Amino acid sequence: MNVGLEHYLVVSALLFALGLLGVITRRNLIVMYMSLELMLNSANLALVSFSRFNDNLNGQVMVFFIITVAAAEVAVGLALIVALYRKRQSAHVEDLTSMKL
Amino acid sequence: MTTLTLIFALPLLAAVLLAFIPRNFAVVMRLVALVTTFITMLLAVKMFWNFDCAAADNDGYKFVATIPWLGSHALGIVCRLGVDGLNVGLVLMGAIVAFAAACCSAEIKSREKEFYILLLVMTGGILGAFASLDLFFFYFFHELALVPTFIMIGVWGRGEKRNFAAFQITLYLSIGALLTLVGLIDLYLQVPAEIRTFDIPSLTRFFVEHPMALASQSFIFPLLLFGFGVLVSLWPFHSWAPLGYGSAPTATAMLHAGVLKKFGLYGLLRVVIPFMPQSAQHWMPILAWLSLGNILYVGWVAMKQKNLNLLIGNSSVAHMGMIFLGIATLNLVGVTGAVVIMIAHGFLAALTFGLSGYIHSQTGTLEMSELGGLAKKMRFVGVAFVMAAMAGCGLPGFLNFVGEATVFFGAWARPGLRLVTVLAVWGALIVGAVYMLRAVRATLHGPLPEKWGRLPDAVLWRKLPYAVLLASLFLFGFAPKLLTDKIKPVTQQIVDMANAQEIATQAATVPSPVTGVSTNGTKPAPGGVKESGK
Amino acid sequence: MKLEALPWILLFLPLCAAGIITLFTLRSQKLSAGLSIGAIVSGFVLAIALIKSGGWEAREFSLNWLSIGNLNVDFGLRLDALSLMMLLIVTGVGSVIHIYSYGYMHEDEGFSRFFACLSLFTFSMLGIVLANNFLQLFIFWELVGVSSYLLIGFWFDKASAADASKKAFLTNRIGDFGFMLGILTVFAVVGSLNFAVIQEQFKANPALMGGSATLAGLLIFCGAMGKSAQFPLHVWLPDAMEGPTPVSALIHAATMVAAGVYMLCRVVFLFTPEALTVISWIGGFTALLAALIAVQQNDIKRILAYSTLSQLGYMVMAVGLGGAGAAMFHLTTHAFFKALLFLGAGSVIHAMHHEQDIWKMGALRKKMPVTFWTFLVGTLALCGVPPFSGFYSKDAILAQAWHAHNYPLFVIAVSVAVLTAFYMFRLFFVVWVGDVRSAEAGHAHESPGVMIWPLRALVVLALFGGVLGINEIFAAQFSAAEHAEASEHGLTLLQRIAEPFTNAPVAAGIGIIATLIGFLTARGLYATAKSDPLTSKLGWMSRAMANRFYFDEIYEATVIRIHDLAGTISNWIDSWIIEGLCIGVVRGGTDLTGRALRLVQTGNLQTYAFLFVLGVAVVLWLTLGK
Amino acid sequence: MDALLNYLFSSNGLFWVFAFMTLACGGLVVANPFSRNPVTSAMFLVLTIISMAGLFVLLHAFFLAAVQVMVYAGAVMVLFLFVIMLLDLQEEERRKVKKLGLLAGLLSIGAIAGIFVKSLMAAQPGRGLPAPVAEGGTIPLGKLLFTNYLLPFEIVSVLLLVAMVGVILLSKKDLK
Amino acid sequence: MSLEISVVALGLIVLLADLWLPAERKRMLGYSAAAALLLLFLNTFTSHCSCSLAEGPDNMTSAGMFIQDGLAVFFKRFFLLAAVLVLVMAVEFSDRIGAGVSEYYSLIVFALAGMLFAASANDFVMLFAAIELITITFYVLTSFQRGRVRSLEAGVKYLILGALSSAFMVYGIALIWGTTGKFNFQELAQVAGKFAANRVFLFGVVFFLVGLGFKIAAFPFQMWTPDVYEGAPTPTTAFLAVGSKATGFVLLLRFLFTAIPDVAMHWNKLLIIVSGITILYGNLCALPQRNLKRILGYSSIAHAGYVLLGVAALTTAGESAVLYYLAGYLFTVLAAFAVIALVMRHLNSEDLAGLAGLNQRSPLLAATLTLAMVSLAGIPPLAGFFGKFLLLKAVIEQGPANHGYYCLAFTALAGVIISLYYYFGVIRAIYWSKETPDLSPIEISKPMKMAVCFCMAGMFYLGLFPGALINYAAQVVKSLK
């Protein structure tokens, strides 16, 4: 069986699902954040495979942007998590409920 | 700038002016409010007086003025003011009641600034709503007047149930207003896009030539009927009114019960019935039965009230039933009668609430078990109250009687409404008298309790509002032609539109059944009373 | 001044007086009284002037009052024999009573108010008399009701007076309910409200109303039932005696209660034979019932009140029997002597310091001679002793019954005559004869001149009212309407005196005998009685009579209770179902939903993320799930 | 065995290898049955990213594969690890797992994935495509980036500036 | 594109100027930035400006990514105005921020730049870059008060959920591009019809819409709103409520009506449901709320629902109603937040009780907040009423075709009625609180006063004289097709 676009897409979808699962199950902010990276990566995979099979490089440019933005996002996000940790001594989501209802 | 524009704009301008007066000048505020409403009243009287000789436009409206910078021409929203026979009386009534309400506001002792601003906004809104020839502004001004009502009840209201009252009145009136809004928008959308307009005369012309599709009618009509109905406390959506008025500060109750409430009825007459004749024919018998809910059921409720203001509030609701019945007749006599009651009730409601407000301000209570024999101490107020009560149970001499009798004649002319009429007459003559006399008996008559031994009667300037209102009731009660001659042509047009279908089908099927009854020189009007002759 | 203006002036003078008194002269008693008395006296003069100038023939003056579509209501004045005669009675008797009131009410603090109300009443009554159409009649009908309300409740700080006025008004309103429906029915068919027009139409086409004719007639009769206090709406009249005595004399004896009879006569052409039968029986029954009740009353004014009821029953019966002229005749004489009796009673009450129990009086004959003599004339007239006025008018009614061959009613009428003589002489003996029974009676003295002179004036009328030819004027009025055979030309005085015996000798004779029986019985029982001997003799019957056959209680149990119940139920629905259940559920539901939804907002990031994903899943399912 | 090895090192075979690695390591990032230590997750994330880079190579996106390894595995993940070290994060506490919530979460994720796969089967986007030729080399990508995509590129540069400023501000220490 | 370049340059200048400015002059920096933006705003009305009247697809630059049509210009003006007011507010708020005030201003300017780009985005790549610029800036802006745990917490919440939504959006873009091969909206529009039945494509569209839904806080992606609104510094919240939400809407309009018009036509049911539930959810949750900023958070959810009415109508009338409503919302919400920023300056929480006696402390602020609430409640004669009127009209117009629209209209009405309660609750807290702990007058700087008055004037103007903006909006939405 020849590996085609669908295979890549299924892999990417499963990766996306895994990331999603991480976001909603893990309670550590940093791990949640890593799961989000996983999701972004799955999009990258989809884009690259589409790019390959559609014979169009534009998708890869998009991936480039996504990677850049993700890096920036990670930087800001981690700084934020660190700042919060300094205040609360915790990176646990369940401790982040001073605002609710 | 016509007189009408001034009438509508003055209170609003005064409200803006008040906003810039520092709050410790309470006397100035009161003065401004009084003077403004007084001038407004004079202008309204002048307009009413000049009405017959004023120039009318093609649609029969007089004193027409456009305020071009308001609204949006692209959507066909133009602030156009004008009066015809239907609303000239309402504007006059509104202006008079507004003045009376301003006079009665002396009882407000806290936050006068806000109160008078709200009062003036309410007045301007009311007058604007009745004077507007544009459906959008008709609604817009009503809303403008409605909101101060809520706030005034919530803030200056009285009684333990004040919060609930404010809550309830807000809930009901908002529902009513918003249903109406949907209905009006849908009505507006019935016109093809390129000539869409909210202009009432244009819409009238359009719907005369292009009757609305039945499907649209059957959707829009109930919306507007019940939307307006809620605003007018149509049974069974009435329970906001007595409590709301009972808890409202005097001036608010006067203005709302007296004038603002007529908005819904005015809307029914101006828009709903003439534009949607088939639905009107279908719904009117139902409305007639609902009106009985007001007249009889609410009358009974009024009989059982222990608080004077609640009793008056219920009676005011009961009177609405008469108007609904008049509208439900869909004939010239009944509808004209309904309009007459609208005006009469405006004066009357303002009068009764004003008087009860005075009693409250003097005694601090309106529980009837604690009052009694007040006529001994408050001669003037007592006399005025008895007159109000008498007007309330439809005594001749007051305008209310003219309206009620006319409505009965109109209703009786519809054979289908005979039973309703019988019950309505019972409600008006008996039940109405029972609770009104009960109020008089419990508050004014009987022995005077010790603690009220030193109550003062109203001083001269506090008598003024009551005198003005009573005088209006008497004047029109003695000479109803002053009103009816103005109203008649318009109601005739409304009734003709509402019965257009009927007349057409009758003419097509039955070759005009001429009965042998010749009436002494009276011409049976098309769509008029004459339907029952055998 | 043009002649057309006269009736208008006549009508509006009292209103002006009332208005001016209310607005300006409340402080000045003399001025108020002067205005009020002046208005009615000039009214009387004007009425005479009208008769002098125009005679008795019918004429109308009218303005358009309201005109909507085919509903044309005129404000019109109709002058004809009927209304002119009524005018004379109202203004004449009214003037006398006004003057009397000046003395009677002298010490009252509401003096000016009293005269304002009296003038208002006069205005309303004149309006009824002069009305030329149904709606106008109804308007003044109601106004009479309200002025009566004000006058009965004149001493409103007395609970009983306040209640009585309320009751009077409401009972009248029940009658008006029928009246209004009757007017509506007539209008719906005829299309006009004007009496003359309606009469024309009926003449042209007697079957105009078809099946609804009887119903319409009876509905209109309801109005008369209320105003003229006919069974079953008679309950208010005795209570109305809570008002000042001149009021009782003016309103509840001479004029207002007569309005019902007047109205029946005015529209007598409307009634079908069936309707007339009902009317006559109700009249007869009322007459009998009231007479029976009067026998066991102890309050001087109440006795007179029931007597009034009974006499009104006579009149209504007469109308029902087709004798509108007789009814009007009796109305007129009754106005004279009943006003006289009431004013006499007022004089007594005044002298007794507002004591009204006859058993506390006695032997007043010596103390108040003028009042005594005038009262005696009134009594004789009421009992129908010839040649007093009452004899002629009552005989006319008896004769009507006789001629109509309605013997059951004739018997009732005769027994009423017996009872009338009985209770009137019971009153007479207890009050004027016998012993002094209380301190007040001992100290009583004659009333002042301003109260005595009106009595004297009325005595003249009560004496000679029967032979002035009043009946002929009425007969002429109704001849067209009911094809009466009364002759057109006037009779001589002697003919008039003898007329009862020439017309219907049997009836006249039986009437006189009946009166005699009544008188003798009363004398036997009460000439020297210390307390009522009948009470024990009649047992439960007496108690029932004293308690007015429990009509008030019956009403209490039925009409009032039903309304009360309806009120309670409605109120309950309002406050529990609509306000509590509907609003409460809506409000509570909204609030609860809000609070519940808010719980979703836990503040936990993970929950948010989860809900986010759930949302995506749902949206996906909605769009692509199929 | 040879056949298997040959297959494994053919592009199809490599796909399966990398796909398996990607998913397995991804799975271990999210739910490692043996350790709930963030460091473990981070290490597996690096592995995932490297396997993905392999997939990229298979897709002839050579430049992106390099970027993936350098930027992601090299820079981003190091950042993660630094932070984890800095915060001295302990193993995530094993608090009570809300079974119902987990189940619902799994269900909804399953639903999303299911719908996706179903859609994929229905749409068959890969069907009928010509043989792939696009080569994601540096030159063509760079050309595109600096011609057509210059504007977003500039915007991203602003974004990076913002991120820098933000990070500096957030980690300043001079605060009350 | 000179406008965007100027804005970015302004941001850089502010950043740099900070280095040399003494601390006491920093206030001036904020005002100057605001003044500069105001100038740029006014400049959009002059015909010389390259970005003012140059509209239409001809003017697309940068390979069609950047479009300067009427819609873009409308929203650019909108964002500029919002940024000016937010900057003024930020200056007033600066003493609560502590260090990094100038950075705060510059970040606002950068976020504005992102919004300006987003308004002109005609391409997914561009859109992605612009949106991320906005979002990442907002992560920082939200958590700017590092001293307050709530601010950081809000930042983290916004970060995680924002990243989540970004992931969805990116995946959606990937699928859309993968199936169609187009990034450009216009090009996509030409082929989108063909893919209307392609489920992968639709999947991508849904994922993309999820991302936008998060931005506008539509149900079920609204969870973050109240928490972030509460925790963020008030100027940030204001900018978030106005700018970020409007960005979401302009992109939504562009995406639905320019990129995939043929597909969107079939999506009325989904839009109706989402809009209805959003309205009800926002209003119901706000009912028992006591925290002013949370109230506005929930109310902003509800208002997202109202605006979605106009989108759901899928007509030009609906689109122009959206624009009108947003314009009114700009003044109203900014006015409300300005008052909150001033009044709650020295309080730790934003409880309603803090408003007690405001009418004595500052009548101007009391009046402003009252009017803002009245306008939000949709009562004449203020902007909110007319906006709602237009939205309802647009929805009812579609009623005969699909009765769901009638239901939607009634749902909206129910929402309006519910909302009256909490809006009036705010008004009541101002005027009629029993306890008045603090009656010290509130000092307001001149620029702030002007800003507040401007907002009030805007509310009145749009409520009373809607004609001009209606015509403008009607003309603008033509560029969507």
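For clarity, chains are labelled A, B, C, D and E in written order, and residue numbers in each chain start from 1.
By definition in this document, a residue touches a chain if its C-beta (ideal position, glycine included) is under 8 Å from a C-beta of that chain, and two chains touch if they have at least 3 such contacts.
Bear in mind the structure is a predicted one, so any value in this text is a computation, not a measurement.
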Each chain counted as touching chain B and chain C at once: E
Per Cα centroids, the chain farthest from chain E: C
Centre-most chain, if every chain is reduced to its averaged C-alpha atoms: B
Maximum centroid distance from chain B, chain identifier (CA atoms): D
Highest-count interface - the chain pair sharing the most C-beta contacts: A-D
Gap in Å, rounded to a whole number, between the CA centres of chain D and chain B: 71
Cα-centroid distance, chain A relative to chain C, in whole angstrom: 96
Separation of chain A from chain E, taking each centre as the mean of its C-alpha atoms, in whole Å: 26
Intercentroid distance (Cα basis), chain E paired with chain D, Å: 32
Where chain C touches two or more other chains at once, by residue number: 598, 601, 603, 605, 607, 609-610, 613-614, 616, 620, 624
Junction residues of chain D, two or more chains touched: 105, 109, 112, 115-116, 119-120, 125, 148-149, 152, 156, 159, 162-163, 166, 170
In chain E, residues with contacts to at least two other chains: 125, 128-129, 132, 136, 139-140, 143, 146, 156-157, 160, 164, 178, 199, 202-203, 226-227
Chain-to-chain touches, reported pairwise for every pair that qualifies: A-C, A-D, A-E, B-C, B-E, C-D, C-E, D-E
Footprint of chain E on chain A - complex, ascending: 9, 16, 19, 23, 29, 32-33, 36, 39-40, 42-43, 46-47, 49-50, 54, 56, 58-59, 61-62, 65-66, 69, 72-73, 76-77, 80-81, 83-84, 87-88, 96, 98-100
Residue numbers on chain D that touch chain C, as the complex places them: 101, 104-105, 107-109, 111-112, 115, 119
In the complex with chain C, residue positions of chain E that touch it: 156-157, 160-161, 164-165, 168, 199, 202-203, 206-207, 209-210, 214, 219-221, 223-224, 226-227, 267, 269-270, 273-274, 281, 284-289, 418
Interfacial residue positions of chain C with respect to chain D in the complex: 607, 610, 613-614, 616-617, 620-621, 624-625
Chain E partner contacts - residues on chain C that touch it in the complex: 590-591, 593-595, 597-598, 600-601, 603, 605, 607-609, 611-612, 614-616, 618-620, 622-624
